[in-house]
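Please go over the structures that come below.
Heads up, the next two complexes both have subunit A, just with different partners, subunit B and then subunit C.
After this line comes the complex of A and B, so read on.
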């Protein structure tokens, strides 16, 4: 196997890896300027994103395509560690988009802040892990790639070493993360015990080959452990408790990356692991004490995931309703959004997966953007409480409008991407009939509930009168001497990232069809492949 | 081009806070007029052309399940004979009213608000008539309703005005909800079955010009479709102020007279008729729905006219007459003659706007709306008197004025259906009797205001003719009040109406009017005018305090106590429900939320203090969660699946 054909498909990953090494090398040679290092990181992420878009068949970039189109969505033989699916490539794009926004915004960090190379290096490393998750086709590969995401993010949370809250958050994150990793690997080992393979395609083949034959409880236990392990990453209730403290305690840019990017890793892992057992009809061997006769296992998994979805969105929303701090409110809203996304895999049809993917895309934009705004507002010297944002929309109309658009999109108001994604997702659940209709109803009720707390923020932003002392200056807090950044204290990078999100949220809300069509195609291929 | 038209209209809302802001709005509406006329002429020159430009907003591909053909949401513009006709009405009246407003409104506060709301209304109304699908139609429908609410409440400092605006909003909202339910029923019906299997899949687009889904089965009998049709009728009744949702329109007269002319006479209130016409041309109604529509229309025509007979307020008399005329249109559409209804809508828009503007001219001069305080205005306001008379003759249906041709078509169309549908008889007779009432009440108003020697109330200012910006629109509309009916003899215009009508399968009766019927209705109208003259001519005022007549008068003035009844229901019924809901809200929902707040608040406070306990608690959650997942996977879910038989 020559280098060209081996390395070819991995050019995006290699770009990220090379950039990671370069950034760490820059640290060694004492080039620690935030803007230089940041530009390297941003450049590599943008390049990787362009390569992925080219692989997805985005015509203007066709020359850059590195994955042969014949190997995308090809039916897999043997037991490879990785394979290229168009849905996987879509997710690579989403992960890189989140990384791009965070890198762009981080360009505006204070110049004299220490450790810029470490920050960007860890960010790139985690991004590399996320990109690898998207092409995994083996449980071990998948779980290791998730670890490659997790370990750098533990460090990123602890990155401001003098911030006690951040350190505490990192510690919690690490302990709970380690526990969850253990659960995931234990689940994988049970599956290996049952089937003698950890390859996802081989597992799917084994499911298919067994027809309607009995289903060993061992396998269900394995899936149970995997649900618990992956639910940590995806912040599903009741595996979510760490998320609020960590999102709250971490530096806001890191929070944006966690909520916007790395959490989606867990959701895509759900797609990879659970689609096959949901699609293939098999029955339980020993069944349940309550049940006589055989029961199909696919619906059993679906009901379990549906239950988790409803609990997650409901509890996330109710708790978000009660928060007084902006970051914690957004954290709970992020948890509830994970519930919506889980609907996609619980329903398990191509339209539902497309809806969930679109919802994830929307959430990458909205939540990353929202946390970036929160970071920007904090840098302007505004407090953490929602009430501290009073009158922001009048003092800073553009920032207020951008934030308002993100909140409207989170609430699912028409002409924003949040509406489109919810429409596609919920109508897919209705389409699937049966009890999935109730899943859509639960989703709609929850959306209605969530409008309440988003609208409250909008009211604070635009209709409440500002307190006189707030927002007096554009001085950046944190530098040794106050430094006035351009664009009203936001800095070019952060302003650009926020503006980009605001524009894309509306553009995708008004003209979603190209992106929607691509995602629907990808999801259809993914379902045809059997996971 | 059509899109730019909507954009132009919206751009009109942008200009604000300028002394000459009104002229900007006039300029934009003039541009809109130009575009509207071009579209109309283009459509007349090539009748039957359907220009549908659309883009798919959202598309869900076909998949097995509830919507086998997929679902599309589209945004588009459709120019066809009907929308061209409506576009002409909206832009012509819109432009003239804008111009008239310059003088009529110049003493008022809040003019930027007025012009931007009026421009937004024009944009929304144009959007409504060129929508190419039902959902888009509904969005614009709501938007014009909102503008109407704003503009009725223009003088919001007065309590009566604020409450009238609210009343209009709430009553039409009842209709809107019914309309939306109707849309849902159609969505449900045509997503999975029905002649066009994939109506949901093609985005609810009106493919006008083809036979309606229910064509040939005007007696189509699916109960579901009947329900949907009744719901659409409800929506139309709310917007077009038909019985029993008519109560809001007379009260809406507290808005500026210009608004009454544009929104509450010529355009927005006609949207309900337009909805019925489009639905009947595109979907068709079942026989039951048709009867219901004819009944509502015929009854409303008569019912509203009786209330116009006694009212002392010049604007309200015209408002009741609007309701009555809308009833004619609704009846024609219900009988299966959508284009006849739309033709009456077309002529009515001009002569009713004319009546309102002429009334506005009087109000502008005197500052009162009370007919019994006016009088003798014929001499100082010669032009206004003539305009009002032309509008009145058109309304009464005296040839050759416009109202004659269209009203006659309505009556003869319905008459032609009496053989097949004897159940239409009573409503036809009511509508026929209304012709007499119409002639009477509008000339009662004319005689009270214009005849006689002097103004009855000497405290009023000395009347005078308004400046040109007000008279020009009145003169133009007077010309249209004559010509718009005669247009039916212009072949290219007639072809517009015939093309649209082709879809119903029933040929319209334009210019094949039943001579006997026509003579009878003209005679009735003339008799009405004569009675009005004999009672109120030469400034006479008839004493009304006589026994039986007085009690009838009081019943009519109190609008058959409908409003009082609704108020009572509102006050007693709704208020009680609201009290209960409030109680529920305060004690149950708030209690729950506060309970949650207290529980979670105290819990998280406690947890925060014990830092070491934190992580182990989280770990405990995970273990608990793991156990939950196992219970679900092994016990609960299998049980549920065995019960409901899987997904």
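After this line comes the complex of A and C, so read on.
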């Protein structure tokens, strides 16, 4: 008997849910050892990731495949709540990768730290929500899955309950999150009013059949509210302001998960919700937004998203330049990266989607990795300012090189995955011609701008000489003496996670074909379905 | 056929990594790698159809080319494609020679020697890659890969303002590469080339209309021009040079500036003939501006290293002028001139480094009459300066002579602008040599000794090539002229 007939296509989700329950159960029976609980969480995430890889058609794992290949990328009939697309599976893999890195690194946290089961339980629950987002094909299902991501992450930010800054960040996160949820649901209700359905495929078909005739204001307002609601999740300017404070205030491992993982949920929701109308208009002969009596939503959305993309990356980069604290700088850089990813959706061709997906993969690796390094460095007793990192590259060459690689990748320097993803994304924009070439130019100029602040950190890491006090101040957090961990104070788990990111960043930078080819196929299927 | 180019790339990469991990023995590893590299390049020359010693038939087109699929998507065909023609072969020889000379010259570098020699090799690896790459992605990749090691070389081993200089270098050249990248991508997609390979782009881009060609050419010209560097985007160069350690200065002037010239010839002039034709006035204007402004700045310097740095702008201006002429003699002269400038400016930077080590200053007015104390160093200064001025029998002469001849053929009396400047520069150099080398002894520390053996050997390698190709320029000319470029006998 194979797995498929036993549990249907939901084995990865079931694994995650079971692990969540198990972790909370361990808390009840007072097994709160960080390593034990962490191992359970890590094991379940790894298993789920293997299952997803098998579903994607990764041959050596074929035994584990749970979704029948005939139902992946199948044309949709009726109005199902969920459907399996290969792009969705790719995103499931990305989300699980982020969770995996955070779990792995968290294994190295102090053994007796309070709240380990809560941390891992919430992390798994949020991951479950992310995995569900990736298979949504109904607006309500999608928005509920996003809620399943949001609620645990609000709690995660404040799980330590001692840090006033984290509590403030959690409050802010919660209020903004609630507002964004309200906006999204309101938008969905307006669309339901216009078309009588919340199914994404049915929406697309209804638009194709009727256009917006009769309800142009309703439809545009509906999409407008959805953009606003989802843009909060994806940290797009002008809905970004919460992100920096939250990323800054949250415990660094949680920040790694928020920036590297859960914010991509918002971007994938953009893929799901806005691609269909954009594609639909591409198939119409007229490119003008105002065709006889009705408004074609596609070009309006395209221009709006392109505008948001440019504003987001520019403002994110400019503000990142001005930051003095490492976490805030990385937070703003994360905002600007969301702008690059949005280019892919605005352009709306399969190559552009593939580029955006690869960019998201790269960002999962780089940003999670970078925040993990920041967490590690903070545990070593280095302050939060960029200047506090002086001489780190000389004192800890391996950590410095790994961090340097991530920064180079964020800056888009060749032989790193960050370069390949930007190369594909901007190539796709140039390939689409028209005003999208200027999107590519804007993106490239922005990545030139971003080099300033990444290079500044590199300079601080490798060229500047450490001031005597920087590394001398003790890492006394919460009044207890820091535990001495193996691997130069980082611990095996964290060191392994950082090393894994550094290696993958380079390997994918040199030979991206296997991953990129799969992503390109997935994006092509996705576009074919949506059109 | 033996995949010679890939073998060289792999052996260089392995050697570079080995150097990084060699600790205190790094210099020996680096020396071995450089010697092997030079030998491999020698092998490449012997198997090249245009080489006088080659006894096969003269085959037009790229030699030794290899192509393997890299990234194949439905809309994007990228191959790993490498190959050489006469033009790239000349630059490859330059890379090998300068690498060896730099490693020997920096023999006693004691600040993190493994990293230093590793970065030197990495820079040369990147330059070699640029010269052999025949597809857009590989080309851009190597192009950018040169940036990072040079950034670290300047930023860690440089002078007092090294951080500012390194950052400025990185930002200037990176912005330029972005413009170049958009230009190259637009070249691929607007021309409808079937792949990112040079051959595919060459076949389809030439058929584009004149207006898009002009836009593309100007974008590419800006991208390559900042590396040249062209006035007014030259300000990173003096800063970078003055702060860089001697070895990095040699590579910067000798190789990095050549990347701009090579890129312009290969990816813009050859590929976009109508765009090139339309942009010719712009090229002339920029070239004359660079020639004049570079020499004015150069002659107003007291610091020997600054003087050499600014004279690079002047020399590269002549290169740009020779390219802009759109004649086969001009192209030949441009390539020859770049080789000559690579060797001679490398020599001059080593000389100024040695002057600094020996006398503790590079200020020309503060030192004088050094010949009795340091005869070997003085000889090197004379050879370098005279070669830079174009004295016959040294490498500068055939290069500059052919450049001016080509200018005369195409532009007539305009040639007197660069020629007049050359005369003024010559007078200045002679006056400088007279004061520094032969005047009454001034500012010589009591413990001043002649250059140590390794510095002498590093400079000696470059002097040998200066003399060799000065006496036998045909060795290079034959190779360059066998390239598959319009107007050369090889086509």
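Note that in this section the second predicted complex is superposed on the first by the 490 of 531 C-alpha atoms of A that agree within 3 Å, B and C clash if a C-alpha of one lies under 4 Å from a C-alpha of the other, contacts with A are read in each partner's own complex, and residues count from 1 in each chain.
We take it that contacts are C-beta pairs under 8 Å (C-beta built on N, C-alpha and C of every residue); 3 or more make two chains touch, one makes a residue touch a chain.
Everything quoted here is computed from the prediction, not taken from an experiment.
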| item | value |
| --- | --- |
| Dominant toucher of subunit A (residue count), subunit B or subunit C | B |
| Contacts of A:129 with subunit B and subunit C, given as first, second, both or neither | neither |
| Touched partner set for A:351, first subunit B, second subunit C, both or neither | both |
| Partner chain in contact with A:408 - subunit B first, subunit C second, else both or neither | second |
| Partner chain(s) touched by A:516 [first = subunit B, second = subunit C, both, neither] | both |
| Touched partner set for A:440, first subunit B, second subunit C, both or neither | second |
| Touching partner for A:231 - first (subunit B), second (subunit C), both, neither | first |
| Touched partner set for A:426, first subunit B, second subunit C, both or neither | second |
| Subunit B versus subunit C as contact partner of A:217, first or second or both or neither | first |
| Subunit B and subunit C footprints on subunit A, overlapping residues | 350-351, 423-424, 427-428, 430-431, 433, 511-513, 516-517, 520, 524 |
| Subunit B to subunit A touching residues, read off their complex | 55-61, 63, 65-67, 71, 73, 593, 596-597, 600-601, 611, 614-615, 617-619, 621-622, 624-626, 628-630, 632-642, 644, 646-647 |
| Interfacial residue positions of subunit C with respect to subunit A in the complex | 70-76, 137, 140-141, 144-145, 147-148, 151-152, 155-156, 162-163, 166-167, 170-171, 174-175, 178-179, 181-182, 185-186, 188-190 |
| Subunit A to subunit C touching residues, read off their complex | 350-351, 354, 408, 413-415, 419, 423-424, 426-428, 430-431, 433, 437, 440-441, 444-445, 447-448, 451-452, 455-456, 459, 462-464, 511-513, 516-517, 520, 524 |
| Residue ranges of subunit A in contact with subunit B within the complex | 168, 171-172, 175-176, 179-180, 183, 217, 220-221, 223-225, 227-228, 231-232, 237-239, 241-242, 245, 284, 287-293, 295-296, 298-304, 307-308, 318-319, 321-322, 349-351, 420, 423-424, 427-428, 430-436, 510-513, 516-517, 520, 524 |
